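The following blocks contain the structures, represented as structure tokens.
One chain, chain A, appears in both complexes that follow, with chain B as partner in the first and chain C in the second.
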Partner chain A sequence: MTVARAASSRRSFLGHSYNLVGVVASLVILAWTLVAIFAPYIIPHPIGDIVDDDYFGPMRQGLWLGSDYLGRDMLSRVLMGARYTVGISLAAVSIACFSGVVLGMIAAVTGGWFDTCLSRFLDAMNSIPSKLFGLVVVAAVGSSIPVLILTLAVIYIPGAYRFARALAVNINTMDFITVARVRGESTIYLIGSEILPNIIRPVLADFGLRFVFIVLLLSGLSFLGLGLQPPLADWGALVRENIGGLPFAAPAVIVPSLAIASLTISVNLLIDNLPQKIRDRDA
Partner chain B sequence: MTNLVEVRNLRIEAKTDAGRLVEIIKGVSLDIADGEIVALIGESGSGKTTVALSLMGYARPGCRITGGEINVNGKNMAALTERGRARLRGTDIAYVPQSAAAAFNPSSTIMEQVIEVTRIHGLMPPEQARKRAVELFRALSLPDPDGIGARYPHQVSGGQLQRLAAAMALIGDPKLVIFDEPTTALDVTTQIDVLKAFKSVMKAGGIAGVYVSHDLAVVAQIADRIVVLKGGEVQETGTTAGILSAAQHPYTRELLAAFEPKSRQIRADEDSGPKPLLRIDNLTAGYGPVKRDGQPVIRAVDSVSLIVEKGRNLGVIGESGCGKSTLARAIAGIHPAATGDIVFDGKALERAARKRTRDQLREMQIVFQYADTALNPAKPIEDIISRPLAFYHGLDRQARSKRVDELLDMVRLPRSLRYRHPSELSGGQKQRVNFARALAAGPKLIICDEITSALDTVVASAVIELLKELQRELGLSYIFISHDLSVVEAICDEIMVMYNGERVEQITPDKVKSPTHPYSKLLFSSVPKLDPTWLDGLVRDPELVTQYGHR
Partner chain C sequence: MKSGVLNLVLKRLAIAIVTLLIVLFAVFFATSMLPGDTASILLGQAATPEAVAGLREAMHLNDPAILRFLRWLVGLLHGDLGTSYANEMPVAALIGGRFVNTMKLAGITTLISVPLALTLGITAAMLRGSVYDRTVTVLSIGVISVPEFMVATLAVLLFAVYLKWLPALSSVNEAHSLADLVRIYSMPVITLTFVISAQMIRMTRAAVIETLSTPYVEMALLKGASRSRMVLKHALPNALGPIVNAVALSLSYLVGGVIIVETIFNYPGIAKLMVDAVATRDLPLIQSCAMIFCLGYLLLITAADIVAIMSNPRLR
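Take a look at the complex of A and B:
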């Protein structure tokens, strides 16, 4: 849908064509990434300090996004929240996609028992509801950043595995793989050099999509109180803390929601509007 | 208006990824009289299919008819609305696709699909349509004309399906039928039946036809006139006999020349006597579960023995499904044989490729039919060719780069091609790269699995010439697998005929005229000749046909 609409507004740059939606989306993502990196240097107040006499204070000079349910500066908390939300999700999605894609390609190339056992095991993993799995793990070993990252990664490995395996199986039937096999190439060469370059684009799109899922799941866990523990807070936790401000239309509850929405929607739009390489023989 | 079809100054444009417009048909004009069959021939990319499709007012996605008139039966297809064209398709003009297997819906019966046209256009009640369909099945000499309609597409053979596709096209009583390479995917023995059926039906109904093909010999049998296309322009038009005997245009002559195989000169260096390079004894390979005696349930190759001598070539010929590709894969170790011995260069080889040593793998290379899938689309040509150099010979970057240049020279490709990706090359260029990669390993034996089948006649004969030249320079041996007798004849010292997984005969090219085995007789007599009267004059032993022809 977006593609059809965007097709008319495509421009080209460095041998790729891109469109406006994709550019705007990548700017939003870039902005949040910069915020996540530089948050400690740009926040006006420490995140734990109570700086307002009132709670759920409105937006005003000095407190640009109002204050939260304890009277802490909301701008500082959202900026720092970006760090946790983007950081944890990125770490988790990287682990999930890397292990999922590598395992998927190995399974496709190796086949046989290895493929069957791994696929059934990961299918079983996939059948556990993700939130429930998160609840159980956090309840069992407590909540900390490494635990959160690993839990989220484990939840999303089966999906990444399935996706990569399906793509790799198609490539694996091609003659150039057979040629490489009879040449005597190792599995590592096959997956790294022959298969990966052919599936990298859909895998990257899947990476983005999975990143969105993880942001939402992390926010969900934090909303349930199982994510980061106070005074640290990611965006999901910020929404939960300040849910009491909803009747007052406090910016404290609206702003982190908007932050989550802006990041996830931007990633989605970027995936739909990735720059396309121009294949033109003579131009 | 005197002619059924009058195309005047047709122009079709295509849009590239970058939004650049390319004119792919540059002012084509042609006429087709009532009941006349006109062939459009040319290499791939010459625009022959595009022109044929435009007669239905259809341009493939990304293409647009930008100028000219396409008058079919008095109506300008280019100017009609889509709805108006749809009304004519199936009733005035019909289309027979290249691959009938892909054109039929696998989940509904053949009869339902054949009479669908009459239902859409409301031509006749279903019972009458079924009767008419059965008549057509009979006219197209299909077996069991009354019962075949109840079957599903996967229950009939490829040649039958192609004739059923013609029945589907003919049921709406069209004035013009467009055949888009309908026999290209068929075996020669089947092709004859299909051509004969097409020809008799068209003649009986006085139907005009457009026959798109790149095979001059097939065209010679069926067409009244030939239009030669190249680069989206008409090069030459003439009657079939005229074109075949007195072609004017250089491209047409090239096409004709490519058809006449150059006879292979006997090599002079036979002083040392033949030394066997590869010996296969009683090799059996197949698919499915392995039975108790160690044999697979389905035997694709059954106890085949063969010998390839140093510097000489063995051709393996047979129809599709005869096990020739499985034989190649078993020799290369891709599909390990169930039983049998493979002795290569004096040493016994393991049956599975992964158990062979690196040097053994290096000395025997296999080149596949489809260069499209045999070259990794994500890598530049340079990387593709230099990988065996790094893998087998451990050359460093500089030495590799130099060798890639040499290899590109060897296969007659410009050196600048090394930076391109496979998708940016033509079919013939890709096949050369495919071959250069095999040469890079420094092999003694190259197994060529139908390497010219996907190429045009002219390109294929250039590739064959190249193979011969390289053989002279490098002392290679080839196992040449093909279903095309003329190709095998042109390059091989020995020809092995396979049928149903078994070796039925082994002969030398000079004895091709007089094979002894009945299947070889049938196969060799089925190869179309340029002579337009060949098909009509062809008499085949009916006993042979029932025994070996898959009708």
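Take a look at the complex of A and C:
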């Protein structure tokens, strides 16, 4: 993905170049991470409790984000939703990137028919639209948290593979790899100690982008009712269950949408504002 | 050199066909992992084991997966998409009208979003760094960063709730006049246009900016060509390949987009049909819908690749 340059707001402070947008974005991400970890301890009401006589109640004291379609506290539900959205996406993106990067590096180092077959196969997997893949798998094996994590991971392995392989192929032509090969080093040593340190920074930036894709896909699936099943609810599911409040612009349907947007936009902005050498594909 | 291009294109087409086979197998395999036995689901709880075994035999469910796959494939080639489990109708009949609806939606969206996105993308690239460019860039990043359903809900909030211009839900059957038609299609089309255009604007802008940074464009600038002449006469013809590539790639996002949009707006297209089929676990229907989507997606990305090959002057 080509990245818009936000060079205008870059400042220098004590020799470190930092960027206001990047700092704000990291703060938002940090905040959501903390919420995801500590959600059970900070929610004002248990998520299943009906605390409001009215449904789709407005924002007011005590119910800071209003109430949902059953009169449950929206703030608590959104805070707990962060757990599922961030947790599932993080688990999925970790699996996807780990498998993709390891396979990509092995393919680049070994080459030959292994590389060709794997690349062909994963390219074919990439030709299945992601939402469709999710739909079919959920139809086939039903929806549960492990299934969701694995499905999301499988969908994004080909992309991570392609990205890592392209980087690793470049490194693979370098002299120090040839030297290591001549020394008789094993494939595991080659990918772990010679290639990985040289591609880790763009791979981490790619990790962030893929995290955004996964959050969006997970929310989309949950919105279709194919993601997390009640009583659990991630942000996409919260939008779905409160969609009835849309005609009167209830906070219950707007707030979870904003939560998703704040997370994904922050990650995108953070990556866009990373120093050039970390971000660039051919760094 | 002409044959070089032809070879590359043929190779790309061959890859597309192999990919299609793999994708078809993946779809078939995924849907046949369905837990529970299709035969016993069909016959219900009260079925005797003998009846279930008989139906399994009749439906060839005891055959190895690869054999069933081949049989399904041969059926496809004959235009036989199978019979829906849920209501015993041929899948082809169920899909027919719905497919036309979805194509209409996709077609109208394409007609609106392509000119819109190209204009915005190219002008943003021309005025790179200006307030206009930054507004367009930030907005398109914003739209890309949020899920499609959020674009849809925001559109409903804005146009149906606050402005009260359009109805929130649409039903194609109620269309009696042109005005009705506009009202029905506007919400889904607006949502899809936003989603598709954002992608297209970004890619188009990137393609034009890349061309604008080449030496021959600098040459045009140095010889004193005006800015518009520089872009329209010198840069655009060369950026055309990458732009068409960007258009085709962006249109492939329609596939994901329609799934969400048809569900939200209750639009009777194949995406809605498929989501409903997932709910009722109607295998043949899911397989056929998935196949149509994969085919469309594959066509678009293959087209994008072929355009990229053809437009590369070094290969011509």
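Quick notes on this one:
In the analysis below, the second predicted complex is superposed on the first by the 258 of 283 C-alpha atoms of A that agree within 3 Å, B and C clash if a C-alpha of one lies under 4 Å from a C-alpha of the other, contacts with A are read in each partner's own complex, and residues count from 1 in each chain.
Just so it is clear, contacts are C-beta pairs under 8 Å (C-beta built on N, C-alpha and C of every residue); 3 or more make two chains touch, one makes a residue touch a chain.
Everything numeric in this text was worked out from a predicted model, so none of it was measured.
Contacts of A:Ile188 after superposition on the shared chain: neither chain B nor chain C is touched. In the superposed model, A:Ser127 makes contact with chain C only, not with chain B. Legend: residue contacts after superposition of the two complexes on their common chain; A:Leu27 is shown touching neither chain B nor chain C. The partner that reaches more residues of chain A, of the two candidates chain B and chain C, is C.
By the touch criterion stated above, A:Ala166 is placed in contact with neither chain B nor chain C.
When the two structures are aligned on the shared chain, A:Ile42 is found in touch with neither chain B nor chain C. In the superposed pair of complexes, A:Ile50 makes contact with neither chain B nor chain C. In the superposition on chain A, contact is made by A:Ser219 with chain C only, not with chain B.
Once the two complexes are overlaid on chain A, none of the chain A residues touched by chain B in the first is touched by chain C in the second.
Of all residues in chain A, only 10, 12, 17, 174-176, 178-185, 194, 197-198, 200, 276, 278-281, 283 touch chain B in the complex they form. Residues of chain B that touch chain A in their complex: 16-20, 332-334, 353-354, 356, 358, 361, 366, 368, 370, 373-379, 387-388, 391-392, 423-424, 437, 441. Remark: chain C residues 15, 18-19, 22-23, 26-27, 30-35, 137, 141-142, 144-150, 153-154, 156-157, 160-162, 168, 202-203, 206, 252, 255-256, 259-260, 263-264, 274-275, 277-279, 281, 286, 290, 293-294, 297-298, 301 touch chain A in the complex. Interface residues of chain A facing chain C in the complex, by the touch rule stated above, are 1-2, 4, 120-121, 123-125, 127-133, 135-142, 212, 216, 219-220, 223-226, 236, 239, 243, 246-249, 253-254, 257, 260-261, 264-265, 268-269, 272.
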